[in-house]
Amino acid sequence: MTKIGFVGVGKIGQTIAYSIVMDGLANEAVFYDIVPEVGEKFEHEMRHAVTTRGLNVEMLGTTNIDDINNYDIIVITAGKPRKEGMSRRDLFADNAKLMFELSKQLPNRNPGALYIMVTNPVDMMASVFQKYSKQFTISTGDQVETMRMRSYIAKKLKVPVTQVNGFVGGEHGEDAVIFWSTVTVKGKPIEQYNIDKKEVEEYVKKIPAEIIRVLKGTTWGPATIIKDIVRSVVKNENRVMSIAVPNEFEGEMIHVGIPTVVGASIGPTLESTLSEKDRESFNAALRDFHKTFKELMSQVQLTA
Amino acid sequence: MTKIGFVGVGKIGQTIAYSIVMDGLANEAVFYDIVPEVGEKFEHEMRHAVTTRGLNVEMLGTTNIDDINNYDIIVITAGKPRKEGMSRRDLFADNAKLMFELSKQLPNRNPGALYIMVTNPVDMMASVFQKYSKQFTISTGDQVETMRMRSYIAKKLKVPVTQVNGFVGGEHGEDAVIFWSTVTVKGKPIEQYNIDKKEVEEYVKKIPAEIIRVLKGTTWGPATIIKDIVRSVVKNENRVMSIAVPNEFEGEMIHVGIPTVVGASIGPTLESTLSEKDRESFNAALRDFHKTFKELMSQVQLTA
Amino acid sequence: MTKIGFVGVGKIGQTIAYSIVMDGLANEAVFYDIVPEVGEKFEHEMRHAVTTRGLNVEMLGTTNIDDINNYDIIVITAGKPRKEGMSRRDLFADNAKLMFELSKQLPNRNPGALYIMVTNPVDMMASVFQKYSKQFTISTGDQVETMRMRSYIAKKLKVPVTQVNGFVGGEHGEDAVIFWSTVTVKGKPIEQYNIDKKEVEEYVKKIPAEIIRVLKGTTWGPATIIKDIVRSVVKNENRVMSIAVPNEFEGEMIHVGIPTVVGASIGPTLESTLSEKDRESFNAALRDFHKTFKELMSQVQLTA
Amino acid sequence: MTKIGFVGVGKIGQTIAYSIVMDGLANEAVFYDIVPEVGEKFEHEMRHAVTTRGLNVEMLGTTNIDDINNYDIIVITAGKPRKEGMSRRDLFADNAKLMFELSKQLPNRNPGALYIMVTNPVDMMASVFQKYSKQFTISTGDQVETMRMRSYIAKKLKVPVTQVNGFVGGEHGEDAVIFWSTVTVKGKPIEQYNIDKKEVEEYVKKIPAEIIRVLKGTTWGPATIIKDIVRSVVKNENRVMSIAVPNEFEGEMIHVGIPTVVGASIGPTLESTLSEKDRESFNAALRDFHKTFKELMSQVQLTA
């Protein structure tokens, strides 16, 4: 009996909810959206979809957040989306206010729930939500960048995508860093292959904006990847994924992506197994994140 | 080795392609769209998605229809979509011209391919495409209505969706008819349950416009259902689905939905097993379709 | 919430139960076997298996048939197995007695359950069980022969197994007949291919004894095929499968295999869509079955 | 294109091969067994099974080990099985000889293959095979014990199996140790629950012999778990599993189970994240293993 709530079912929220429900991961699902009828009409679409698949899932579309009641996993996509030309951090102020509100609304009715943040800037929003809710929150971190990196190397080297391994870490977005010490192709270090690392890094940084420019949003890639994070929790698969879990840093719980074991319990991270260089990149990301987070937080007013 | 081509990867085309590729049904896929970069950027999204799932699929996004070369199954969603307030038939003239063009472009390079029509008015477009291409074409027919009918009855009677069976037939859209003699709940005839048939019929007719009004299109339901049609072909599942296959009627091959065995071979239909009343509804639908089709065809000019 | 009971978990029963539970088809499962500890130790094995797969299934191994209580589907494999050199009918007398006993034990506690017979001679055992239990019973019929036929043609013609379609009917076993009018390869009639029909028929008849001689039983093939029958019911897939459903013949309900729609409701059969020749084979099989059934029944004493 | 070879298709080998092929993990599979006709008849069974599932897999049953040619993954189950009353180490001498032979036969034709050892005593056999073949070999280690531990705790505490996490390490078999610092229920340390650790340890140690006594072998549990190890490699899932990878210890490569990241690349292990106590257990297991391995090796004569 797994109950999964979706806070926000706009374009990305719908795609994530669809992927999760269709993979048979939820016995019950609530689709909450502030826009009238969106959750409810999406519920109809989903009812038609589960019928053809022979899945019995209880579903409810709603504009009442109190319908998320006693849920196990809550996936948050609500907020302003990133538009062409915007950086993820441009979204900080507006979305931080929303996270503050949600942090007051969700925890009481959902004791022990796991919160999965998708709203951008995703790591920062996870930290905001955790700060005010005191609930264990993960950010989908760099698992999206991780898959983009692998897919690009596979295409470039003309090898199957299943033969490329390795992780991206640091803050999700423009500052993410490839942990090159973890990258392998057919089980061998990437250094044994003829590939331009700069080119890979460029791809990972720039492809989301390219997709947004043409398709008005990234959906299929992130949704499938986020579904797999949820799957690894629900099925207790213990997959290592580059998500961001709470890290204590100068008294603040902050979220920066690093390969982490994701199952019924989340952690440990694989920090201690990284190369010194990659570990240093991660620590630099923590410091940068903390500094920016404090700055941005000082510019918004979050009160009930 | 199954090669599936997608002609049109707008909103519904992307959703169908995503569902099909993620279900592991294609070894190779081409995403063709006339709009520059759409196919190509969608290819990137799909590459990220298959990487997390560990699927090795060859994929290409393109604006060159000749890249659909030696394909087994071709799913056509190209054309003007149905907008709020429009009927499916409003789309006839523009989309018929497109089907005529495609009928000249696709068959040469794809001998023996199965064509699956999704563009609306879907049954008519299947007939147009088949008329000019001389290729075996199916329309997704009333399988979408079939699932909407089942899902509504399940919700109404508070039974699992997997316990409701039965089919909708006739022309896809406002004229579809529920074949009530086929409808069962927990294996028993629907007549043993307390349900208002009119209400079910209303739901099936009206829910698509309701979804379109709020969500700007129906995607998740139809895409999943169409994916299952493709799955039944590719995996040779022989599922009975209410699709429209070519029927000879007064010398014309026309497409009207009826329960049909869908596998590596398509057919037979289950016409001979229907009640007399349902069989008569099907025959009336054939006659109406044929009359309208001739009228509409006489109003468009299709020449090379 | 699907509850599936297994009556008999010897070699074939375990393989079927494993395939069904691993495919996620049961929320609850009981493994009943008369041999002490067999059901219970199999339960342990299954617990280890579902844990790695992340499946939450309630399971119980038992020697108490009353633990099958309020179940939806009951799969019967109990009875003497077919050994090298034996025909399926050699088993009739012993297994008929067992079916008679089960027909007195199971129905009371499981109202509305679907019974799926696997014990050989399978069609006869379905008829015996239905006769005394008055419960709707299906035999797995010729779906196993159907798959053997397709797999042999695929290997012979070097085409993918998914490209061969068609059905075997008649009584399961030595008397099964290939319904050649239904057999297609790549959607075209088998007559367009160079294949020796006699050879295919020989294969279908003789391969089970060959497997039994070497492997001491047929398990993997039948178990997977029977799992798919159960799947088609549970997921309401409406696959056409060559199973045997009750046919009234001279006042007796008898079971002879014929392509049948298998979903939440079972039927109709596709008898009316067969060629005249294949329909005649089916009718001959009904007559032969009925004659033999009466003879064999007159030789056993079934009383409480 | 993944090619998986099975060396030995007796009871456990068949069950593993079935689970792997049915999960769609192999495009090609060879079933090798020294016993005449066993591989070949198993091939027939598998052909029937894949046909119903709509899987296109090239398969060959053979008694000629040279048919394993250019394979990616080779699963070894050949050798004497453990019978009632025997310890895994009783099997050492006979099976070590077989591994020595295989180490001379397999590597030449299968460059770069991954070897997965299942033959008991499994960790020792992995070390023997790696020693003489110089090929990267993993032992399925304690992943089976890991699942037995979780399933037992789940049943005892009446929580879903998906809510119990944690690992068993050390040498597979009677000397395996539960790494209690890794064990959680609903994400919380096991210490917060009322459970007798000794009882859990007893279960993990004793259940295999119990199953063997009644069912003549453990199959369903181990096969499914080993399938998931193969799946994690083939799909590059990076699941953390308690397998045994080669560890250099006093100049010898030895195999002792420890949580390890299993994907297209195998490793790192999670040794550095264990508690001091669990790390010490692991190191003790390495020392014990090395001592026993040297002793046992000194008692066998392995020459070409």
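Per-chain numbering from 1; labels A, B, C and D assigned in written order.
In this text, a residue touches a chain if its C-beta (ideal position, glycine included) is under 8 Å from a C-beta of that chain, and two chains touch if they have at least 3 such contacts.
Since the model is a prediction, treat every value here as computed from it, not as a measurement.
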item: Other chains in touch with both subunit C and subunit D; value: A, B
item: Between subunit A and its twin subunit B, rotation from the CA superposition, multiple of 5 degrees; value: 180
item: Most remote chain, CA-based centroid, reference being subunit D; value: B
item: Cα-centroid distance, subunit B relative to subunit C, in whole angstrom; value: 34
item: Distance from subunit D to subunit B - Cα centre to Cα centre, in angstrom; value: 46
item: Residues of subunit D engaged with two or more neighbouring chains; value: 1, 53-54, 56, 160-162, 164, 234-237
item: Complex contact set, residues of subunit B against subunit C; value: 1, 112, 160-165, 184, 186-187, 234-241, 261, 263-266, 268, 270, 272-273
item: Subunit C partner contacts - residues on subunit D that touch it in the complex; value: 14, 18-19, 22, 37-38, 40-42, 44-56, 143-144, 147-148, 150-152, 154-155, 160-162, 164, 207, 210-211, 214-215, 218-225, 228
item: Footprint of subunit C on subunit A - complex, ascending; value: 1, 24, 53-54, 56, 234-237
